[in-house]
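See below for the structure under consideration.
To keep things simple, chains are lettered A, B, C and D as they appear, and every chain counts its residues starting from 1.
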């Protein structure tokens, strides 16, 4: 059960609802939202809670009381039936328009990121992606340019106007990266790094939350709930392939995830066909499938020289392939009543 | 390496190629094809074989010599670069037109199958599917109507003109079912029932080969190879979901399978969103994705009374949902330059 | 619910129980057991059945009425609380003694199988395993010697006294193979080949049922139920590794399967570490683990010349390794109060 | 290739090796070890490196040059052929003695942890485990007592002498937890939290590194490599179950992991049967299997009142079950020439 207070509820009204929750044997959990307080009523049996909906409606300052059957509450479509549309420095995601974030896996130099930014912008991309802090399986692999890379990314934004998405790996880096990035990305390996989720939940930046390749969809939503419970509702969910026995592709794209997530949550859902296949030859097919399935956007790796890329070359599209793909995607979007 | 003999090659020409293969240390494998003999050269190193291509070209009766790098030979795109188009009593699959086979999981009565056949035909389906011999996980579950069901299926074909697809589970039933069916389906649980594969390989019926939910794509192609090696090239591959840790859907649709199979083989590839999701609410999304990804067709479960279906009710579409879906699919097909 | 009739129940007593089942809205399923009739009561709610236990006890000819909560009935430990001990031509499996079946993957010649039989017997093996009809992923791989191989196997039995285990792949081969083999093996790829399960269920041979690598334990028990429902209770379950994302071994040994199966069923459980790891270097470790976990026996591949084996060489132990392993296994068996 | 410098190598000697590496076209990676510098030679072909072993031996300050074929270098058995034995405040792990860490999932009160500590000590446990900072899937679940819990844990250590193992989730908490704990645990969800791995790699505490349930063994070793590359060689690897399609247990115990890891690395390997099964009824069987397979230790959840445990109750053993289990494990240990 969730009790949503009025935006102008007074502190003592909130407090008296909390006390009542404790008095009748449950635990209150306050979501420190910016606009309004939301109080989750935790513990005990769901059946017992059903009887309490009317009871709490009568408390001063209460706007709404909702029973939520899923483990995730604030992320659930029961709690918020309409699609959430997130504004990323002017780019909307979750609405009618499909949003595409394109760019290299790693920022390698100012020239590289600026050139790619101009190129993907010309092809119709809405955002620029690129990693400065890179989680690499090997400690001996290229670990990213760090803050210098962020400066190159900002330079590319200045030249093209594209909002930028970049990954944050450490609670200690959140403030630094927040100064440069429009969207903070939580990488797949950190999907259940709850310290980091709480920390980015305390920012007001949109968060791109990538699904861990061994994690269930319900766990993805619980991770989103961690962020929202801290007061940041701007969470974009990203399916990027799961680990299975099939070894012809790097990961298995879980296309079912799109309708399942759309059924369970109001948050926008994007797909990352580059990681989900690991092979640029399959990116076109899976990108089209993603849009047809109802995804709200795509993350696509584009590199001007994939063979020399410092990471993920085999799954990166060349700019001319990306350009051709964008034209095809616009047709698929139209066929499912969306625009690009 | 594969040596394709001319259609009019004489037995002693075939024999002398075989003898030469043995003489130089390899094993010949004769594919008893109807039209022409194909001899696979097995064993030894691939590198060594490369030198022998010209050698065998000079033998009388030889039409072509091909090096094939994959374990599957006759199924590979290297062997047959163009898409294979299969004719199912007038319905083409593998070409520009998307083919849809719709119908109930199980044939339950003449009235049921005839009614559904009329309904799916009116909505634009190209084939009728329905099981008379049902592989059920429980020995106590409805096992299908058997031959009586086949008669009802034929009745539905007579009334609508739709070719019919039905499953064969046992080598002993192949002759019987071949008399009634247009397409023989090998179910997912029998994908590696090699006795059955060889047996249907000896028919001239098109074969719908469903991927086992725990089987790799390379194993699916090896199973297709079993059928083709017996002389039946009319194999349609079907992805119907794989087993993974994700439990929000009955199976995980492996959408990557479409571009991977299209890259590896010339055979048509269809998708079964009903089994791949196990939930009718997700069938629309995954059907659109399938067509957008490049699949050549769909298998869809349609039932006029899903709640009372004797099997797979929860994943069956009602006729009116199917009708609406077909209209949407036509738009997606058009967006990827296909027709329905 | 299951109604077990007395061994001397008359046909009309059985019939009147069946009619009563139908009258009150359920479906009777008759298990055509050799010794006694068992009638499964199918359909409807479990809760409603609980009230009927006493009702059916009063019918003439009824010996026992059991509520069974699992989908599998005759295979469940609720139905048969004690461990089932199966007698294989004098070798007991499922009791205190650990049974080991050893031998090559494929029977390659009389000399080979006889030599290995003598060798594994000297090391303490209780049964000889070897394939004559081989399910191979590739149609071009060695498919086994067929009936000639069975004759070699029988020759090895005559010389050593070891009962022999061999695979049956086709309903049409059951009679032939039954003449030679002591145990009929259903291979992993055929675990859900229900026609074959029913056919071997109609024999009186012990059946070694291998788990499909993509199949859940509950599906394994349902496949056992198919065999038992035909009247053959002599089913030995075999875990041989499942498909997962982990690729350092051919399969992932599901060691949890041992205690789970022991909890759910009365049937003997054996492990096949050779297939479950795919690498002879790991067979020793997993064999010890299997016995410590409570498995009733092992299947082990032993070959006198693994590098030249026609199949599965990399996972086969040399005879001297097998001999050393058997001595170690005897110590582990003793540590868990078993003998070898 | 790895170049190990002498402990008294001078900075300019290290520098000249680095320069030479660059000059001939490779990238040097300096492991900032406490005792000695280790320089990994990265990039280029392995074949080319083989020729350089002798070349680098002649450089002043170089102690040893090793070719390492795996992606992990310092963690590999090629680099360090003997088993690594780690000393945890007097308890050895990785040697002949099996080490058992037992205790509750979460520290709930001083009384609880002290009582359990006395109990598991009496049964023969070597270490006490208990979580104060808990990574929970739900933000609304009990998140642990934090520093207060650590104080209770230390109290339990004072009373029993058992070294304590507890989890660290955040780079910001490493200093705090290091003050209290004998072993720092990296939880499964943080196995690829590279910031955290680097941070604990800079401590001198033994690290218990749990495998992520969706992560390959090679990725586990790469995560260990991150820690060792920072100079901390005291890494204990822990298998705790992986995600698969099998749903009868919470996770699937990957018992193959024990021999595979023992083959690949010199680091100690322990098993966590409580998480790997998720069900106390299966813990006994899998614990015995783990020791028989060659694991160096066990993590076991023990709770004095599992039904009221604030986390993981269903998989916790009662103290009397744990006591009985320890006696049985000692017998299995002896059967594989180990002691407890």
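The rule is simple: a contact is a pair of C-beta atoms (placed from the backbone, for glycine too) under 8 Å apart; a residue touches a chain by one contact, two chains touch by 3 or more.
Computed from a predicted structure; not experimentally measured.
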For chain A and chain C, which third chains touch each of them? B, D
Reference chain A; chain at largest CA-centroid distance: C
Between A-D and B-D, the pair with more C-beta contacts: A-D
Using Cα averages as centroids, what's the distance between chain C and chain D in whole Å? 38
When the C-alpha atoms of chain A and chain D are each averaged to a single point, how far apart are the two points in Å? 32
In angstrom, rounded to a whole number, how far apart do the mean CA points of chain B and chain D lie? 48
Touching at least 2 other chains, the residues of chain D are 214, 216, 242-245, 247
Make each chain a node and each touching pair an edge, then name the shape: line, ring, star, complete, other. complete
Using the touch definition from the top, list the residues of chain B that touch chain A in their complex. 214, 216-218, 242, 244-249, 252-260, 262-263, 276-277, 281-282, 284-286, 288-294, 328, 331-332, 334-336
Residues of chain C defined as touching chain B within the complex: 29, 40, 42, 71, 73, 135-140, 169-173, 189-190, 192-196, 198, 212-216, 219, 222, 225-226, 229, 242-243
Please name which positions on chain C make contact with chain A in the complex. 214, 243-245, 247
